Amino acid sequence: MAILVDESTRLVVQGITGREGGFHAAQMAAYGTNVVAGVSPGKGGLKVLDSVPVYDTVRQAVKEAGANTSIIFVPAPNALDAVLESIDAGIRLTVIITEHVPPSDTWRAVNYAARRGVRLIGPNCPGVISPGKAKVGIMPASVFKRGGVGVVSRSGTLTYEVSLQLTKSGLGQSSVVGIGGDPIVGTGFKDVLEMFEKDVETHAVVLIGEIGGDAEEKAAAYISEHLSKPVVAYIAGRTAPPGKRMGHAGAIVSGTEGTVEAKTKAFTEAGVAVAKTPSEIPALIARATRR
Amino acid sequence: MKLYEHEAKKIFRDIGIPTPLGEVVTSVEEAKRAYARLAQRSVVVKAQVLVGGRGKAGGIKFASNVEEVESAAKTLLGSEIKGERVGAVLIEPKLDISRELYLGVTWDRSERSPVVIASSEGGVNIEGVAKTKPDAIKRVHVDPEIGFKPFMGRLLASSIGLTGRVLQSFADIASKMYSLFDGFDAELVESNPLALTSQGEIVAADARLNIVDDALFRHKEFSNNSDERLAEYSVLERKARQLGVQYVELDGSIGIIGNGAGLTMATLDLIKYYGGEPANFLDAGGGSSEEEFMQALSILNENPNVRLVFVNILAGITRCDDVARAIVKARISLGMSKPFVIRLAGTNEEEGRRILAASGINVYSDMDEAAKKAVEAASKV
Amino acid sequence: MAILVDESTRLVVQGITGREGGFHAAQMAAYGTNVVAGVSPGKGGLKVLDSVPVYDTVRQAVKEAGANTSIIFVPAPNALDAVLESIDAGIRLTVIITEHVPPSDTWRAVNYAARRGVRLIGPNCPGVISPGKAKVGIMPASVFKRGGVGVVSRSGTLTYEVSLQLTKSGLGQSSVVGIGGDPIVGTGFKDVLEMFEKDVETHAVVLIGEIGGDAEEKAAAYISEHLSKPVVAYIAGRTAPPGKRMGHAGAIVSGTEGTVEAKTKAFTEAGVAVAKTPSEIPALIARATRR
Amino acid sequence: MKLYEHEAKKIFRDIGIPTPLGEVVTSVEEAKRAYARLAQRSVVVKAQVLVGGRGKAGGIKFASNVEEVESAAKTLLGSEIKGERVGAVLIEPKLDISRELYLGVTWDRSERSPVVIASSEGGVNIEGVAKTKPDAIKRVHVDPEIGFKPFMGRLLASSIGLTGRVLQSFADIASKMYSLFDGFDAELVESNPLALTSQGEIVAADARLNIVDDALFRHKEFSNNSDERLAEYSVLERKARQLGVQYVELDGSIGIIGNGAGLTMATLDLIKYYGGEPANFLDAGGGSSEEEFMQALSILNENPNVRLVFVNILAGITRCDDVARAIVKARISLGMSKPFVIRLAGTNEEEGRRILAASGINVYSDMDEAAKKAVEAASKV
C-alpha cells in the first residue's frame, strides 16, 4: 500500500522542458517512478529521457500515455493555470513543487480541486515519496528507506533530516509527504493523517511542524479523536525570532500564539510524544511501537 | 510588503473608503505648516512605521495647538519605535469618535480561504476581545466562485448590531476592503479602529495594507519603492533580501547557515538545546550555487557578533561539493578568519568532505554531533 | 400538490420597499400567498402591509420569519447580489422578476444555485402561480383557475392569454410557470416538465415557446423520452421579422434555425400536438386528455 | 449594441490581439490619401456596416492601385448593404493568408454558460461547416468559478490540430477574446476569419464585438456614441428605441400594438392566420402608462403603411383604462384618424370598455374575434 504514490503511479511532469522539471524528471525516473509523459505547451511531439513523450496538453498525456498523477514545475505566474489544467484533465493527484505561488492562486486551485474531488499537494513542497515504490518530488532518494513509519511535514530539508535519522536507526518509511509551508496548501496534516491511519503498511507516524499558524493544534485535535496509531511530533522554531506580525487579523483568525510551547501543549494533551530534537524521534517511535 | 499608514490610506481613499484627510511630513517645520493648512484645532500626529503596536509604544500623539504639534513632531521624528526609525509623521484632524469598530481581511489557513472579520468592539484591545469575548468577533469566509458580495458585508454589519444607514456604509466599506485584498493580492487589509463618528459616519481612522511578496510580480506599481520599505531591516538584513536569502539577526554569537527554513530553525533550536546562543537565522535556500552560498557566508563574515560559523547542510538539490568550495573560497577571497563547524550530508557528501579535508577543515555528518561541537567550540573563541 | 409554490410557501419579498415590490407584495398577499417577510437593506425594523416585518438581510427573514421562498424585485444592477444572498440564506426557491439582468450575472447566480442545490426561476419572468394556493409573481390573478393543466412558458402576457383561454374553456391550471425570456435562465422547460410529470394534480401540460434558440427542440426531445402526460405546444413568432443575427456563433451554438417550422417539426416528431393559434389549445388539451 | 468592425479591431489591438493596421475613411479623397499612407500595394476596402453577410453582399473589395481604391470607395460609400447605408469604409493591407480559422465567444443558452468556439475551417462558409462537419467545430464551456484559463485555449488549439508556436498564439488570442467577452459584458466576440498567414502569424482579419444592452450600465464609455449606432434602424424604429419600446417594421398594412413580446408575436401570427398582413411589431411593454401608450400609438400614426390599428392588450400590470384613455387622446391630440380594432382584457377591463364606448369605439374581449374583425376591416379600408 503506502499512500498517494506507489507502483500504480503513472506520472506526467508539467514543465518537463524546463531546467528543474527536466532534472527531476530524470531523477524520479532513475528512482523507478513510472514517468509516462511530460507536458510543455508548444513543444508537443518531442521525446525526453530517451522515450518519454512530451505533449502540448495534460489531456493528451492522460489520453495517450495514461497519466494519473502530475508533478508541476512551471514558474509561479503560470502555476495556477497548470494546476487547473491538471485537475480538468482528470488527474487524481497533483503535486505542486513551484514556490512563490500567490495564495489567491492556490485558493482558487484548492477550491477547484475540492469540487472535482481530486487531491493537490503543495505548493512550495518537496513532494511525496513511498520508498522503494515511487518518488514524486525533489527529495534526495538516499536518505529514505522502505518501512513502516509515515512522515508528514510542513518543511523540506528538515523532512530529509528526520527521514535520515529514522533510516540510520533502522526505521524505514511507508510514505513521506511534504505538504508545503505556504499559508494555503492543498493538503493539510489532517488529510495525510487520515490516509496513514487507513494504510496497512504504516505502523507509526512522525509529524514535523513549525511555529506559526494553528495547523499543529488542529492536527493534535484530530489525532486525539481519530488516530489509533502512535504519533511522534517535532516542532521547529523554538529559538526563531518572532515572525513579522500580520496586523491583528492573524492572531484573531488562528486564536493561538503559534509558539512551540502552545503546539507542544496541544500535542501532549492529545497523547502525542513531542521530540525535543530530531535525533530523539527514532527512540520515541521505537518506544511507541513497542507498546 | 507592508505599506505605511499614509500609503494605505491613499489607496483606501482612492477606492472610496472615507479616511481623515491629513498630511505626511518629515520635518518639524513642515509639521507646523501642515497644521496651519489643516485649519483644525485638534489633530493627531502619528509616527509612520511598519511595526505593529505603535500606539502602545508612544507613536501616536494628540495636539491642540501649534506648540503641541511642534513638540509631538520633535519627539517622534528621528526616534525609534520598536527598533524602527521614524522618518515621517502623519498629521490628521482628530475624529469625534463615538465607537471604535474593527474590520479586517486576511487569509485563514485552516479554512484555506480569505476571511473578512468584523467587530463592534475594535480598538487597541481587539485581540483581548477575540480571546475573552469570541462572540463579539464575526467572520465571513469567501468562496472563489462568487467572491465577497455586498450582501456578505450587510450580513457582517447586521451580525455586529449595525442598522440603518450605518449598516449600509459598513457593508460598502467591507466590499471595498475586500476588493483591495483581492485586487492587490494582499495578505492583510485592516482598519482598527474603524471609527463610527458622532455624526454617524464611518471613517477608517487607521489603515493597513500588506501585499503578499509572492504576488508582487502582478503589481509592478510597487517595484519602484520596494527599497525604501527596507527601512525596517538592518544593513545586513537588507543585503540578504537583495540576495534573496532569509536572514534575521538574533542576540547570540554562533552564526548559522542551513538550507531550508525548517532545517535552519531546527538547527537554531539544537544549538540552543545544547546551551549555545545563535547569532542569526540564515536560510541559504533549497538549491543554492557555490557563488550564492559564498554571498551568504559574506553576510556572516560582516556580522561582528558572529564568533563562529556553524554550517548545517542536508543536500538535496544543493550539492555538498558546491558548499565546500564556497567555504574554501570564502576563507581565501573574503579573508574569512572566523572558525567553522561544518555538517554536510546528502548529495556529493564525499566530494565535499574531500575538498574541505584538503583545506584542513573537519566535517561532521551527524547534526547532533556537529551542534554539540559548535557550542563547545564557540565557548572557547 | 401543484409544483413550486403552494400552501407551504412562506414568501420573502426582496425589494419590498420599492414601488414594484410593494405593489406586488400586496397583490400576492391579497391572493392568499403567505407573505412572511420583506427585505430592504438599511430599513430593517419597518412593518409593511400592516404586519409584515422588513429585515436588513434574507438570513434574518429565514431565521425570524421562517421564509422558504423569495421573490426579487430589486433593480438589475443589484439583482445578482440579491439572488446570491437568497441562495446563501438557504432559500429553496427564488423567483427573479427583475428585467435587464446582464447574462453574465445570471450565469453566476445559476451556477451558484446549482452547486447549492436550490432553484431559481427567471430573471425577466412573470413568476409562478398555483391557482387557489399561492401566487409568487406579477400575473393578473383573474385569468387563472384551479385545475389539472400545467402551463410552462417563455413569455409573460402570452401566458396570461393562454391561461385565460383555458379558464374560459373550463380547464383550470395546476401551476403556471413563466421561465423568462432571457438568454440564460435559472429553470428551463425540461426542469418544469419533469416537475409536472411527477405532480399528481397535473393531467396535461401546455408549453408556450417562441422563435429563436433551441429550447423548444430540447424540450421536444425530453418529452418524447420522459413524459407520459399529454403535452400541447404553441410557438409564437411565425410572422416575426428575422431577429438581429448573433454573428456566426449563435447559429453554430444552437445548430437550428430557431424558426417556428423547425420547432413545430421537433414537437410533432415527439408526439406533441402543436396549436396554430392560442384559441386552439383548449380543444387540443381536451382531445389529448380524453384519450 | 453592435460595434463597427474598425471599433472592434481597435479594442482587439488594445488588448494585444494582432489585427491588420488600417484606416477608416468617409470620402473617396480620404480613401486615396489613406492608400498612399498605408504604402502597401494590395489592400482590402471594407464597408463599415452592422448587418451580417457583408462579404456575400458585395461589401468587401480588393484593390492593387489607387484607381481601384478610388473605384471601390466610390462604389461602397453611400451605397446600401442589406438596407443599411455605408457611411465609412476601412482600408487595410491585404493579408497573405494560408489558412482561415474561426474563433468566437458567445452565450450557449442550453448549457447556460459562455462558450468559446474554434474551428480550423473558418471563413464565409463556417455555418455550412457547422452543419455538414460538426466535428470540425470545437467548443469549451466556461465555469464561472475559474473563468476561461490559458490551458483551455491550448486545449482548443490542440483540438483543431494546431501545434508549436501557432498553438501558443491561438491560445493567447482565445484568452484575450474571452477577456473582452467577460470585461465588456459582450454577447458576441468573434473573428472570422482568424487568419493564419504564410509567415505563421495569427491575425484577426475580421472582428466583431456586440455588447449586451442590459449591461451597458456598466460600460459608460459607450453611452456617448450609442446614437450613431442607430444607423441600422429606420426613423420610426429610432424613435421607438428612444421611447424604450420594441418596434420593427414589416410589409403589411395592419398596424399592431400588443403588450409583451410573446403576446405581440402571437397577435401578428393570428392576423396572418386569418389572412391579414401586419405592418409592424410593436410591444408596448408590460407596464406602460397612458402617456407611454400614446407615444407608442404616435409611431403607428406616423407610419404611412399602417391603414388600420389593431390593439391587443391583456392587462396585468398595464391597466385597460389607461390604454383606453391613451387611444381617446391619440384621436384628439394627435389627430389620429386611422381606424382602430381594439381588444382589451384583464385589469380594469370594464372601465376601459366604458371609456371607449363613450367615444363610440367598439371593444372586443376575445383575441380571435378581434383579429378576425381587424383583418376583415383592413381589407375594406
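Chains: A, B, C and D, in written order; residue numbering restarts at 1 for each.
One rule holds in what follows: a contact is a pair of C-beta atoms (placed from the backbone, for glycine too) under 8 Å apart; a residue touches a chain by one contact, two chains touch by 3 or more.
Here the structure is a predicted model, which means the values were calculated and not measured.
**Student:** Looking at the contacts, which chains touch subunit A and subunit D alike?
**Tutor:** Both subunit A and subunit D are touched by B, going by the contact rule given at the top.
**Student:** Higher C-beta contact count, B-C or B-D?
**Tutor:** Result: the pair with more contacts is B-C.
**Student:** Rounded to a whole Å, what is the gap between the Cα centroids of subunit B and subunit D?
**Tutor:** 56
**Student:** Would you kindly tell me how far, in whole Å, the mean C-alpha position of subunit C lies from that of subunit A?
**Tutor:** So the centroids are 50 Å from each other.
**Student:** Could you please state the distance in Å, as a whole number, between where the Cα atoms of subunit A are centred and where those of subunit B are centred?
**Tutor:** Chain centres of subunit A and subunit B, defined by C-alpha means, are spaced 27 Å apart.
**Student:** Taking each residue of subunit C in turn, which ones touch at least two of the other chains?
**Tutor:** Within subunit C, the residues that touch at least two other chains are 108, 111, 115.
**Student:** Identify all positions of subunit D at which a residue touches two or more other chains, and write them in rising order.
**Tutor:** 144-145
**Student:** Okay, in this complex, where on subunit D does subunit B touch?
**Tutor:** The contact residues of subunit D facing subunit B are 144-145.
**Student:** Considering the complex alone, what residue numbers of subunit B touch subunit A?
**Tutor:** Result: residues 52, 102, 104-110, 112-115, 117, 126-127, 130-131, 134, 137, 139, 143-145, 182, 185, 187-188, 190, 192, 208, 210, 212-215, 217-218, 248, 250, 258-263, 265-266, 268-273, 278, 281, 286, 314-317, 345-347, 367-368 of subunit B touch subunit A.
**Student:** Taking the complex as given, what residues does subunit C use to touch subunit D?
**Tutor:** Going by the criterion above, the answer is residues 76-77, 99-104, 107-108, 110-111, 126, 138-140, 142-143, 153-161, 164, 181, 183-185, 188, 208, 210-211, 213-215, 218, 234, 236-241, 245-255, 276-279.
**Student:** Please name which positions on subunit D make contact with subunit A in the complex.
**Tutor:** Residue list for subunit D touching subunit A: 145-146, 149-152, 154-155, 157-158, 163-165, 167-168, 171.
**Student:** Which of the residues in subunit A end up touching subunit D in this complex?
**Tutor:** Residue list for subunit A touching subunit D: 41-45, 56-60, 78, 80-82, 84-85, 88, 108, 111-112, 115.
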